[in-house]
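Next come two complexes, and both contain chain A; in the first it sits with chain B, in the second with chain C.
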Partner chain A sequence: MTLSQTALGAVVLLPLVASALSLVLPPAARRWVGVTTAVLILLGTTIIVAAVAQGSVQELALSGHAPPLGIAMRADGLGALFLATTAAVGSLTTLYAAALPSSTGVRLDGDVPAAGHPGFWPLWLGCWAGLNAVFISGDLFNTYVGLELVGLTAVGLVALGGRDSLTAALRYLFVAVAGSLLLLLGVGLLLAVTGHLDVLRVAQTTSGLEDSGPVLLAVGLITLGLALKTALVPLHRWLVPAHAGAPGAVSPLLSGLVIKAALFVLLRCWLWILPETGDGQISGAQVLSWTLAAMGTAALMIGGATALRQDRLKPLVACSTVAQVGYWVLLLPIVTDPRAEGAVLQGALGGTVALALCHAVAKAGLFLAVGTFKEIYGTDEISALRGVGRDHPVLVLSMGLAALGLIGLPISWGFLGKWQLATSGVAAGHFWIVAVLVAGTLLSAAYLLRAVGPLLVEPEADDAARRSPHRRLRQVPRAALSAPLLLGLLTVGTGLLGSWMDQVLTVGVPW
Partner chain B sequence: MHEMTLDDLLGAVISWLPLVMVLLSLAAAALIFPLPEHRGRLRATVNLTAAVLKVLLIVALVPPVVADGARPEVSMPFLPGIDLVLRADPLALFFAGLSAVLWLLTTVYAIGYLKDSPHRSRFFGFFSLCVTATVGISFSGNLITFLVFYELLTVATYPLVAHRGTPQALHAARLYLRYTLSGGLAVLIGVVWLTMYAGPADFAEGGAESVTELAAASPGTATLIFVLLVGGLGVKAALFPLHGWLPQAMVAPAPVSALLHAVAVVKAGVFGIVRVVDDVYGIEVTAALGVLTPLLLVASFTILYGSYQALRQTDLKRRLAYSTVSQVSYVTLGITMMEMTATAGGVVHLVHQGIMKITLFFCAGLFAEVLGVHRIEDTRGLGRRMPLTSAAFTVGAFGMIGLPPTAGFISKWQLGEGALASPHPWVLGVLVLSSLLNAAYFLPIVLRLWAPEPVQAEGRDRGRVHEPAPLVVPAMITAGFTLLVGLAASVPFAPLRVAEYIAEGVFR
Partner chain C sequence: MSAIDVALGLAVLMTTAAALLPRRRSAQAMGFLGLGVMMVLLWLHLGSVDVALAEAALGTGLLSALLVLLARGEADPARQHADRPSSRRRRLGRWIGTVGAWLLVTAVMSQVWLGVEQRLPAWRDPLPASMGTTGVDHEITGVLLTFRSYDTLLESAVLMLAGAAVLALSGAEIRAATWSPGETMTWWARLSAPVLLLLGLWLLFAGSSDSGGAFQAGAVLAGMLMLADAAGVGRLPVAGRLLAPLLTVGVVVFLAAAALGPLGGRVWLDWSREGAFAVVLTVEITLTLGIAAALHLLYLGLRPTQEVLR
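And then the complex of A and B:
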């Protein structure tokens, strides 16, 4: 077994074991388990990404049995990039949660435990194991299991928000379970049609099928389930209360990482499994893809407009997630376009991945910064926080950097994503993508300015509101402040890695 | 043999200089942001060291680039198939030189101006980020690199316009952001489109080859892309009707206004237009597409409209703002006349307008800071109370009108001469009319400054007041420059000489 194969197993197994271990430890000791696990995952991820960047897909056949008999874990370019982003965002959020335990949850009786909520670490580490499993699973059933693990632990994490979050958590539970059931149905159908569960083998078989109807149905079911889980408009109602109501250290995980697992599976199905459509006919896949792109456009508009109407920071940031989900499905009409060639598909995929992963980094940073304001002042109402930027320049700077990425201004990862998606849209003759991107950009600039601007404004000199809002928390640990700042810097810094990431992404693509 | 290696080494060092200059300003920003408020001296040291170093580096680059024709260049992969390119050509040095020198002076001025006011670390941090963006803009070797720094400039100036934090400042900043982000998006779409058809168009004297081919193959598309690019750049360049943000942005502190008007923002806009017309499309292609004359008409109208609006203002800074709308369009006017002398006149006005306008803003800031004078009617008799400031203002105003021997005279002379030789001799009429308007709104202020004091306020002390050195010395220096570049316009490496060299490249 090579080093990278060991790492493949470890990044899933380690957090799972750590999750179980933290259950039996006293609450104060749990965070050390979390931090240690984060460091080890970072190490393992680095090994895997370095190996994939050399140009070869890394594969580990569990217990030595290769598919079709056994089950494989497989890291290609797509998986490696998602894995790496999850490692970065996950470990920085871990650092934050360990440094500021009060951000990890509220008891049902409204009490904030000083050593952190005892449920946070087992749930989060379990969630991390599920995320990594989804990204490196070579097999559809394992993907389902991973996604289920992510969904259930995420519901638990939402519930850490205390009594007020229980309704949101319950609603989220229904969505997560319904989504998973649809996914399971689709996977079962694929198994029945192709006789395989391994993604690559399913893909080989579907491209040779005479009648693509059942495959399309399966992909349709899976897509519907995943659209529920990513909160694609009009299936988005559950997201804002769940993400905005969650504790400070949880919201970034939910918005940044959890919905990315569903997106990852969506990309896998559409780009790997769905057979190519023939020329000159309008296929079911094309209709479906256009429907999804229309939903994405609606998401950008509705999410953006809703964000503009928010008076509180956390719901505003959550609405922004609803909007940004729209960007990630815009590539589908290009994928089903028979005229689109490999280079165009590569660009569209690269752009979408950059937009989604930039969102992971930037949104996590934004949620952490906003959550810190809520920790300090006990409120996230924009009007109450007017001018607090004076006392917290680092937090406002982090928000600004994250906003750059979410708007998609250069230099940031989001800019790369918009650029690549726009250029491949133009190359494939899909000019509408440019219009949607422009509208989305303007809206996101408007609502993010609404979030960041007032924090910088001084209250009027003669105003009675000149006094700062009451501080609940005197001092925020430096380590906790550094997490959102590092995420913000990462948003901008990754904007220089475009060529490298595009190269990584070509490893193991189906064209 | 030994000499060869030394030359090679020197060449390698020089080729890194554009990147070094960008990083230098970035490092200054990174150092300044975390500094505590009270470390004023350290902050000033970092600021001034970086600014002086940059001026020296640019001076060192002038002989190899302008005299020997070297083109130091650094490039790094950015997107698949697209590089970020920083290259020093004469036009780049011209703009970078202007910004470096004026930045040094503005920094001195700002340190004096903001003494003891809050948020200085934030202010100077973003100030340095603005320099970074401007240096990047000037050295950009292709449109994508230009776009990256152009957007960085937008983002970095927003906190400066909003600096005071008053509702009015915030409103102006929001308006500024609305205008410039929309403009930036138009440029982005244009660049995406152009890149799809013609690849990452490198700036080249006479235009990029791939763009020439595109214009020949599908002139409609090329025209549309041109309109998107220039329309987007026109926002920062304050071309009518995209100029609305500029007078509003007057609420910013005086050094910021100086920066917006003379060095960074509007200059980035016109500099971009010069690049697109001369180095992306090439003057011949632009003319063949039939977009040059409409642009000339827009520029002419903006010149007259800006002057007319300036005439109507009663607030000093607002009058200066509309005057900028008018004066900056001289650059566009010059390069769209399709004539070498006029092009040189337009390009040299990049620098001339900068030094003249910054003088005026420095002085307006001084009047406001020292005596609280904002309105034009209150300037009566200031010549006796603040003689140095008033003298500097007078020189700047004479420059704007175009009286000899100031820098403005050189610009207008070049432009006028070019207009007569060009296919559009009527432009001379625009120039004359504009100069008359310039005189109509600047001369009354100058006359008021030196007029005897009003009689009424007798009880108050009307004697000479102290003019703070950090504020008045930069103003005097730029006023001195205004005279110097006018008197010594034909000395080697004088702005006019370099501009003529650039113009020769355009028509090669």
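And then the complex of A and C:
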């Protein structure tokens, strides 16, 4: 077993060990388990990404049995980039949660435990194991199990928000389970048609099938399930209460990482498994892809408009997630377009991945910063927080940097993604993408200005009475403040790594 | 298609209707129980003994018991329906909409499904030849604990973390609570507990050579604990300090076994051929404990709280 193969197994099994261990340790000791695990995962992820960047897909047949009998872990360029982003966002959020334990949850009786909510560490470390498992899974059923791990722990994490979050958590549970069942149904259908569960073998078999109807139905079922899990409009109603009601250290994980697992599987199915459509006829796959692109466009408009109407920070940021999900499905009509060549597909995929991963980093930073304001003042109402930015320059700076990435202004990773997606759209003759991107950008600029702006303005004269809202928390630890700032800097800094990422992304693509 | 096929198919449809149509929750729970029994018979008829056992222990046994317990805590039906102002016409409309949608979905699905040229799973041929390396005789146990042991590991982690979520939400309440509804169940619990314990252990050890295994055995043991709790045995040791260690022991031992591979210069989850049976058995035993603890915890979290407080 090579070093990178050892790392492949370790990034899933290690957080599982840590999760089990933290369940039996006293609450005060649990965060040290979390921080140690984060360091080790960063190390393992670095080894894997470095090996993939050399240009070869990293593969490991677990228990010594290769597919079809056994399960293979497989890290290609797509998986490696998602894995790396998860390691970065996960470890910075872990740092934040360890430094500011009150952000990890509230008991049902309203009590905030001083050493942090005891349920946070086992659930989050289990969730991390699930995320990594999904990103390096080479097997469809295993992907389903990984998503189960992610979904169940995410529901538990939402419920840590106290009695008010229980309804949102329960609704999220129903959505997650329904999504999983649809996914499982699709996987079962694919198994019946191809006789395989291994992604590459399924892909090989589907491209040789005469009747692609069952494969299309399977991918359609899987897509519906994953659209539920990513909260694609009109299946988005569960997201805002769940992500906004979760504790401060949980919201960034949910918005940044958890929904990316479902997006990853969606991309995997559409790009690898769905067979190419023949020239000159409108296929079912094309109809499905256009429907999804329309849903994405609606998400950008409806999510943006809803975000503009919010008067509290956390729901506003959650609505922004609903909107941004729209960007990630716009590439599908290009994928099903028979005229699109490898280079165009590569560009569209690169742009989409950049947009999604930039959202992971930026949204995690934004949620952390917003959550810190809520920790300090006990409220996230925009009107109550007017002018508090003067006392917290670092937090406001972090929010600004994250906003740059979410809007997609130049040199940020988000700008890169939009540019790439737009140029590939134009190259394939899909000019509408440019219009959608411009509209989405304008809306996101508007609602993010609405979030950041009031924190900076001087309170008006008649507000003098409530000039400084009551501070619940005197001092925020430096380590906690550094997490959102680092995420903000990463949002902008990763823009410079664009060409390296494009190169990594070509490892193991199906064209 | 034989007469038994038709009869079983009709029985499943009828019990499904009996589980869905009644307005009272207790009636629905009984319908569900009947459906579970029919499903067990159906799986047995199809020759899938392992699935039938799992369905009997988890789907019919535990889940139905839980549903009955929840239905017992049901508020009186008059109040239950007071907040449903819908008129008869609206109800009818909703009915037609639902049935229509389901008919459409069923029609599309069945057309594709029946038209599919199905292929047998690609592991059917290499499976018997590779069984020699696993240390067990039963193919399903071989798949679960050797060939696809990674899936089983993650599944048991899901169960452990479900228990962790219940612990996180209820914490101290669960440990303190005892529940004694009266004497109706006591004699029954006394009678059945030894039998269930024996059945659980038999299922556990039978798994290496025949149908059975950790999931079924753990479910039966959890059922025993549930009966004991419902009969008012008082504080079970499992509900106290032992709960968290028991919950994790299966996953921890499984992970330790997974690390045996790299320690011996092989890949993750690859245990040596000579010691394979010992490893598989150890993992099975601890998994059974972990699964029983997790299911018991789920029961403790879900049982009607107003009865706990009484």
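Brief remarks on what is shown
In this section, the second predicted complex is superposed on the first by the 506 of 511 C-alpha atoms of A that agree within 3 Å, B and C clash if a C-alpha of one lies under 4 Å from a C-alpha of the other, contacts with A are read in each partner's own complex, and residues count from 1 in each chain.
Keep this in mind: a residue touches a chain if its C-beta (ideal position, glycine included) is under 8 Å from a C-beta of that chain, and two chains touch if they have at least 3 such contacts.
What you see is a predicted model; the values in this text were computed from it and never measured.
Taken together in the superposed arrangement on chain A, chain B and chain C fit without clashing.
Look at A:Val438: by the touch rule set out above, it reaches chain B but stays clear of chain C. After overlaying the two complexes on the shared chain, residue contacts for A:Pro275 are found with neither chain B nor chain C.
Touch criterion not met for A:Gly493: it reaches neither chain B nor chain C. Of the two partner chains placed by superposition, only chain C is touched by A:Leu189; chain B is not.
After superposition on chain A, the vertex angle at the CA centre of chain A, spanning the CA centres of chain B and chain C, is 170 degrees to the nearest 10.
Of the two partner chains placed by superposition, A:Gly284 touches none, neither chain B nor chain C.
Considering which of chain B and chain C touches more of chain A, the answer is C. Superposed on chain A, the gap between chain B and chain C at their nearest CA atoms measures out to 37 angstrom in whole units.
Of all residues in chain B, only 33, 76-80, 118-119, 121-122, 147-148, 151-152, 154-155, 159, 162, 164-167, 170, 173-174, 177, 181-182, 184-185, 189, 192-193, 195-196 touch chain A in the complex they form.
Within the complex formed with chain C, the chain A residues making contact are 1, 5-6, 9, 13, 16-17, 19-21, 23-24, 60-65, 68-71, 105, 107-108, 117-120, 122-123, 126, 129-130, 133, 141-142, 145-146, 148-149, 152-153, 155-156, 159-160, 189, 191-196, 201, 205, 211, 213-214, 217.
Touching chain A in their complex are the following residues of chain C: 108-109, 112-113, 115-123, 126-127, 130, 146-151, 153-155, 157-158, 160-162, 164-165, 167-171, 244-245, 247-248, 251-252, 255, 258-259, 261-262, 265-270. Within the complex, the chain A residues that touch chain B are 347, 350, 387, 390, 393, 397, 404, 409-411, 415-416, 419-420, 422-423, 426-427, 434, 438, 441-442, 445, 449, 453, 456-458, 460, 496, 498-500, 502.
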